[in-house]
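Note that the chains take the letters A, B, C and D in the order they are written out, and that residue 1 is the start of every chain.
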Amino acid sequence: MNDKTINSIAESLVPKNYLALANDARQERDKLVRILLEKVNFIKKIPHDGWNETTIEYLIAELAMLDSNNFNSRCGVGEREGRVICDLVRRRHYNFAHGVGRSGNLTAAQPKAAGSTLMANLTNSLVRDLIRTIGVPNCSSAVVVPMATGMTVMLTLRAIHGQRPDSKFVLWSRVDQQSCFKSILAAGLTPIVIDSVLSKENTTPKQSVPFATDLAAFEAKIQELGVDKVCCLLATTSCFAPRNSDDIIELAKLSAKYNVPHVVNNAYGLQSTFFCHQLERGSRAGRIDAFIQSTDKNLLVPVGGAIVAGFDKTTVDSVARLYPGRASGSQSLDVLLTLLTLGINGYQRLMKERKALHQLLLGGLSDLAKSYNERILPCNNPISIAMTLETFKTQSVQLEMIGSMLQKRGVSGCRVVTTNDSKTIDGHLFTAWGAHSSMAQVPYLTCSAALGITRDEISHFLSKLNEVLGKYRSKYVDQE
Amino acid sequence: MNDKTINSIAESLVPKNYLALANDARQERDKLVRILLEKVNFIKKIPHDGWNETTIEYLIAELAMLDSNNFNSRCGVGEREGRVICDLVRRRHYNFAHGVGRSGNLTAAQPKAAGSTLMANLTNSLVRDLIRTIGVPNCSSAVVVPMATGMTVMLTLRAIHGQRPDSKFVLWSRVDQQSCFKSILAAGLTPIVIDSVLSKENTTPKQSVPFATDLAAFEAKIQELGVDKVCCLLATTSCFAPRNSDDIIELAKLSAKYNVPHVVNNAYGLQSTFFCHQLERGSRAGRIDAFIQSTDKNLLVPVGGAIVAGFDKTTVDSVARLYPGRASGSQSLDVLLTLLTLGINGYQRLMKERKALHQLLLGGLSDLAKSYNERILPCNNPISIAMTLETFKTQSVQLEMIGSMLQKRGVSGCRVVTTNDSKTIDGHLFTAWGAHSSMAQVPYLTCSAALGITRDEISHFLSKLNEVLGKYRSKYVDQE
Amino acid sequence: MNDKTINSIAESLVPKNYLALANDARQERDKLVRILLEKVNFIKKIPHDGWNETTIEYLIAELAMLDSNNFNSRCGVGEREGRVICDLVRRRHYNFAHGVGRSGNLTAAQPKAAGSTLMANLTNSLVRDLIRTIGVPNCSSAVVVPMATGMTVMLTLRAIHGQRPDSKFVLWSRVDQQSCFKSILAAGLTPIVIDSVLSKENTTPKQSVPFATDLAAFEAKIQELGVDKVCCLLATTSCFAPRNSDDIIELAKLSAKYNVPHVVNNAYGLQSTFFCHQLERGSRAGRIDAFIQSTDKNLLVPVGGAIVAGFDKTTVDSVARLYPGRASGSQSLDVLLTLLTLGINGYQRLMKERKALHQLLLGGLSDLAKSYNERILPCNNPISIAMTLETFKTQSVQLEMIGSMLQKRGVSGCRVVTTNDSKTIDGHLFTAWGAHSSMAQVPYLTCSAALGITRDEISHFLSKLNEVLGKYRSKYVDQE
Amino acid sequence: MNDKTINSIAESLVPKNYLALANDARQERDKLVRILLEKVNFIKKIPHDGWNETTIEYLIAELAMLDSNNFNSRCGVGEREGRVICDLVRRRHYNFAHGVGRSGNLTAAQPKAAGSTLMANLTNSLVRDLIRTIGVPNCSSAVVVPMATGMTVMLTLRAIHGQRPDSKFVLWSRVDQQSCFKSILAAGLTPIVIDSVLSKENTTPKQSVPFATDLAAFEAKIQELGVDKVCCLLATTSCFAPRNSDDIIELAKLSAKYNVPHVVNNAYGLQSTFFCHQLERGSRAGRIDAFIQSTDKNLLVPVGGAIVAGFDKTTVDSVARLYPGRASGSQSLDVLLTLLTLGINGYQRLMKERKALHQLLLGGLSDLAKSYNERILPCNNPISIAMTLETFKTQSVQLEMIGSMLQKRGVSGCRVVTTNDSKTIDGHLFTAWGAHSSMAQVPYLTCSAALGITRDEISHFLSKLNEVLGKYRSKYVDQE
């Protein structure tokens, strides 16, 4: 309601003094909104504490009503007028229909859709504020892209390639997760896979799981292929143990030294302060053109969006400008609803809880490993944990059976890696597929304490794992 | 948003000129709201055309936020603070929690709940406007009561009794529907059942279904019991054919003549212009203290509310003032949502459609009756129709079987009346129960074309009825 | 989906093994539902732990689809077919439209509405289970009535009066809350107000706030008026301090001794184990015909419903049977959604928290009182607290100003009682209105720690109260 | 509920016979679901008539509950477990969280998400059925891609390029809409812009707006660049008048003749039977590898999705397989909800209405043109209409002012093209930007009767246009 509406309400409907008290509260709520949107605040700030649903829906409804498809007297004779025929669809999108961006730019304003424009730009501002607050203060630009991580990495590679049209190769530190590798292929570029090396601290005889980024190989490849032929270096932070994050600080230095772009796939890395600090330090020590992360894993929204962020606007803007045509606003809306619900406090509390639960899982798994004469593979991975399965190898059954047994017991997300499998993707052979390195030999299982995990899930998992390992050993191992 | 919020939105979020256009639309929408609520309009008017969902939900949300339970900084140390713990419940009530009314008056304003107060009073105003517009312009007061019709009749009787503490009897023109009769008992009063008489036009030899209000008996009873002992006359308009509406015009005259209150149970009569005009004429020719109708059947909302209306404020107000304590606001909200969705045009269109469909049903049923050597029982009932079943009587099975056969085929609401049954309610014997008169002898079935019925339902019903009657006749009647 | 649907799903849409895993989970969910509804369980049990929203909405949707208005091929030719024209209304009622009960009985099954019937009866069973579990194991029957407490007390009085048609008086231990008193009047009965007596422990000279139930006066009145003329004794448990609960154990004995019905207004007493135990003990020591409580304050749903409960089925059933016609199912639905969300654990956790927060409020207020040379009025009230305001009396302003000052600061629910006011309701004079006794002389303010109050509200209140008292004293008191 | 749950419901909750009747209706509803999903039906069929909301939400809820994030006892230790923290987000996605597809394939099944898999595959099947039914019976494959049209064209180009790695050029018949052109650039390919030629029927002296596809230029360019260097031909159907659809039948023949892929941007062409038939005929006469259309304009859902369809599975599958990683399921859900709501009848009714309204708009505009001495530019465009503005040219103001004046009056979507503007996109110069051809000279305005337009919008537009043209002429033209 506009202010004068309040003043014009008939006293026969409600006494003036009751209304006055209510209007105070109304103005208090509106002040929250004004602070969020107002001009003096160059950098929009995520509210300290989360808002309640009522206030959030109030804001969203007000924004949606600024779009032309929601004007009471609308008269559309264009080919795209934001008409939504199915009421269920209309409601679930809070009456937003025009999407975001405009032909040629994801962040451009739409004349027909002031509300959608506001919504998307506000979301981008709040996401940047989030990233800056939780550990990457150097970050200067962030855009929510309504495509999942893989496709967004692809778009980023294409944007970088657009500025280096003669380049052809992407130097990629191997990580056994298909979509990242496929992003390079989908971008029409040629991946150069760089295997990991044995890190110094991992050279104990038994330990054959090596995971340091092979910086020397990177440098050698740049020199071999020629700087102009290299589109960019592509590194990964968050990944399955026992692989560690790539050494993005050293890669950033390399990137700066040779003036070759450097893209970081920070897939689910925002949830960990460790990864955030690596990014910050990398940006200070050298060059990182863009880092990309999913919205689903980091912000606990449904799959479908990613964030491209950077330390200057150049690359982020060129990705936004490359996106042809309009795009879904649904992912931005999910992020906005979530950030306003959590507030910065809520998000940081989630991060803290996750860290504590990772310790809990690590402790529980260490005990379990010990009791089965296995061990936790050494690594610095703040999210994922790997436990060896050496004593479970048998002739009769595959170790993967352990995974199936867990799944039947309702456990999802625990993966068994035998190091025996190979996989060929588009002509590229990966030996020891799943283990991130052709040198891996020790079988293991991995599990993660990712954002949103609960104490109950961890204890349930540990008990089920114990049950399965016990059953497996007595049934298959002890029989041999 | 307050107006100054719009002006304070950062231009980095959306260009000023796009926002200006959107703000025009925003003000247009708000004008609708202002006209609805504003003070110069003594009598609130239902909008001509219905509003769209977005605008309606916008208004409702704004109203709810005026209640203290939705204040962002609320601090409640009372015993009733409108707290709602279950999110599903909160959402379905649009954040309203305080109910309506205040100890001792259904229409009193609540200091803690300016929004609920506004909502309820607005609804009452709009309901009055509806009643006045569709055929009872003389109506001067209407209140939505969050209890179904029977209970509301009971409360009205108690309110009237409060003003005539020495009275004891309610003179009631028999209609075979339990709740009305039970209302009298529940009110602690004694019902005097007045059977119907044969109306003149219904005196053909075969026709034994008589339905004129026995005005002479009413007058005789008033004289016999004494005016002061009679709490009120209780008449009924809408009912199952072949019963007609009571002659409320003549009863109104009687009421005026003897100065005895007159209450009309207009259960589902608002949907028919005929009943509306009877009420209007009755109010002009004599005295009607209150007429009561359900919200569910007349406004197509879920069961649970009723409207008490009157031609002066006295009785309606005394009913509202009798209600002890606070009451549910849920029924008012349903009515408000419905009236804003339909607009006055929408409601009148529904009425017109119903009238046309009643003719369709009557025509179809007349043809069917003829083909089975039955007939439509003569009456002026604008909603319900009765078709005789004389040729279907058999020794072996009960006529009620026809009802069951229809029900199995998905037909609901068709009733078979054999006139053979008796029923005793709280010591009162009703012979020929269901037929509204102890003199009824012809078996029949009734069906109605009530508000919201569709053309498809009618053709489906006629075809199913034909199928059932054919089957019944060949199976049971022809076998004898 | 029926089970065979699952089996018939095309493998081209989803692999069989993935579906099998999902179906396991589906059956697990359905088991929860089956346990809730199944026949072997004579007494339905509230789930131990609350259900998640998805499971609850699944159950509710399944129930609603059992009502005829939701049948895909419906054909209604009755006058009431559960049609809902406004989509917003339909959705907020989860497609329920038929209400509950049937002409003449709130708990009767509706042929057209198997789902609504199930919903209402299930709710009543769960409410009984709740009452039994939290402290009244002797309770054998409970019904949710879709009217707020006052109106439900009125209906209960009418039901009892129906069995004692010659009775006329209700003996009522004074409590200064309008709706209870008005319930008696609305029922057409005559209230006999019995003032409180000074309890022994309250006889210190300064203390003039006396609150024991005057048992002798009750007995004397029964003898004076005659047992047959007394409709019932009406006692109150939960109320504003410094009034205590009536001594319902002794009243129950009196009731048994004279064979006069005994109704307890347990308005918001379910939330306190103390009141529950009083009821249980009363039922064992003597006679309690029914106890009535609101759904809003005890179950944290919107205003509009009450629960009538009893120790045998007689009175509860007669209340249900007195209700004329169908009734709103909305209140039962709110209660069902809430109980399934909380589970019995959730409700008991709320009770525990409330008790602890009451202690917190009491402590804080005691400190504050001391600092202003005031005191907490002695009483056993487990919810409400009263603090004297003797040193704040001035010539110039009314003590009520303290209440307004609090309200302006966003505090609701704190009441100031001066003991100087009188009020006349329907010819009955109450001196010292608000103080529950004509003998009260000490001014005070009351506040409550009711179910759902938060720690923040208490600390906010204490700080605001301190601020207001300080300001008031320096401005008005110290100036004199 | 499973069937045995129904049987186990306690009779104390609801009578068996009432439940039996309700269960019949339940099974009837479930039959609808079974027919939709069942295996014997190789090609899933859109229901003839649309489903009601209740049935649709029932299906969607059941599907969502098959995803692991909704299992009651879930235990996730992976990095992606479909956790959704914000309740508003969870609800608006109907509890779906896992997205669709699996690393490396948009249509692959997800082990953790049987329901999402089912939902997405079902949607694709229904979309194919829709396309086949409304005019492209030869279509054999269709996939909903959760990216808007431009990005989907880009992905399709990349998929085709993957099979022709040495190719470099995309031959593109000019259409002045940025995103299509940008799709080529974003794909890293080089656009060869082929201007339109004057069609024979458009050679009247005054008429300088020529719009036949320059087939000779296409063929010449293939020969000039070399077949292997041409990635594909890229044609457009739906576009702004006076441009016509490209001659995709002849282009399809050319494509077949030279064995060069042929992609059709059918942006909003599904809504018109004319475009559908062109596609069908093209597929029979020659070669069309894929045709791409938006979900928003053709299915009236919010912006964000597109459909890639084809006449064999090769290209469609290769697009699906190119998509790296998981993708949003939100667009598929919107499409599914819409198709089930409309049914095939509903969609075809929309198409018919649109066609009729296009005639209405054309008639009205012709009359208006005549009255201002202007004319409708001749073309076969079934959606968009262009009216000349030759007599409105002035020295003082730009013709674009007409557009602004309309916009201020609430008209959106009407574009003024002066033919005087040029635009450079990524180094490519387009003269007469907006007019689709460098030879265009006549200024004009365009408007469209697109799917979902209403009769009111057309009459409102015609009246506003008349008002604006009159005002413009008298103010600016007549003054000169």
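Keep this in mind: a contact is a pair of C-beta atoms (placed from the backbone, for glycine too) under 8 Å apart; a residue touches a chain by one contact, two chains touch by 3 or more.
According to UniProt, the chain labels map to these proteins: A, B, C, D = O-phosphoseryl-tRNA(Sec) selenium transferase.
All values derive from a computational prediction rather than experimental measurement.
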Far-end chain from subunit C, centres as C-alpha averages: D
Chain pair with more C-beta contacts, B-C versus A-B: B-C
Between subunit C and subunit A, distance of the C-alpha-averaged centres to the nearest whole Å: 48
Whole-Å gap separating subunit A and subunit B, where each centre is the average of the chain's CA atoms: 57
Averaged-CA centre spacing for the pair subunit C and subunit B, given as whole angstrom: 30
Residue list for subunit A, restricted to those that touch at least two other chains: 21, 25, 53, 57, 68, 71, 73, 87, 111, 407, 410
Residue ranges of subunit A touching subunit C (in the complex, touch as defined): 21, 25, 87, 407-408, 410
Sites on subunit C touched by subunit D in the complex: 1-5, 8-15, 18-19, 21-23, 25-30, 32-34, 37-39, 41-42, 44, 52-55, 57-58, 61-62, 64-68, 70-73, 87, 95, 109-111, 114-115, 117-118, 121-122, 125
Partner subunit B, residues of subunit C touching it in the complex: 53, 56-57, 68, 71, 73-89, 92-94, 96-99, 103-104, 111-112, 146-151, 153-155, 158, 161-162, 177-180, 182-183, 185-188, 238, 240, 268, 296-297, 299-305, 322-331, 334, 337-338, 341-342, 350, 361, 383-384, 407, 410-415, 425, 447-453, 456-458, 460-461, 464
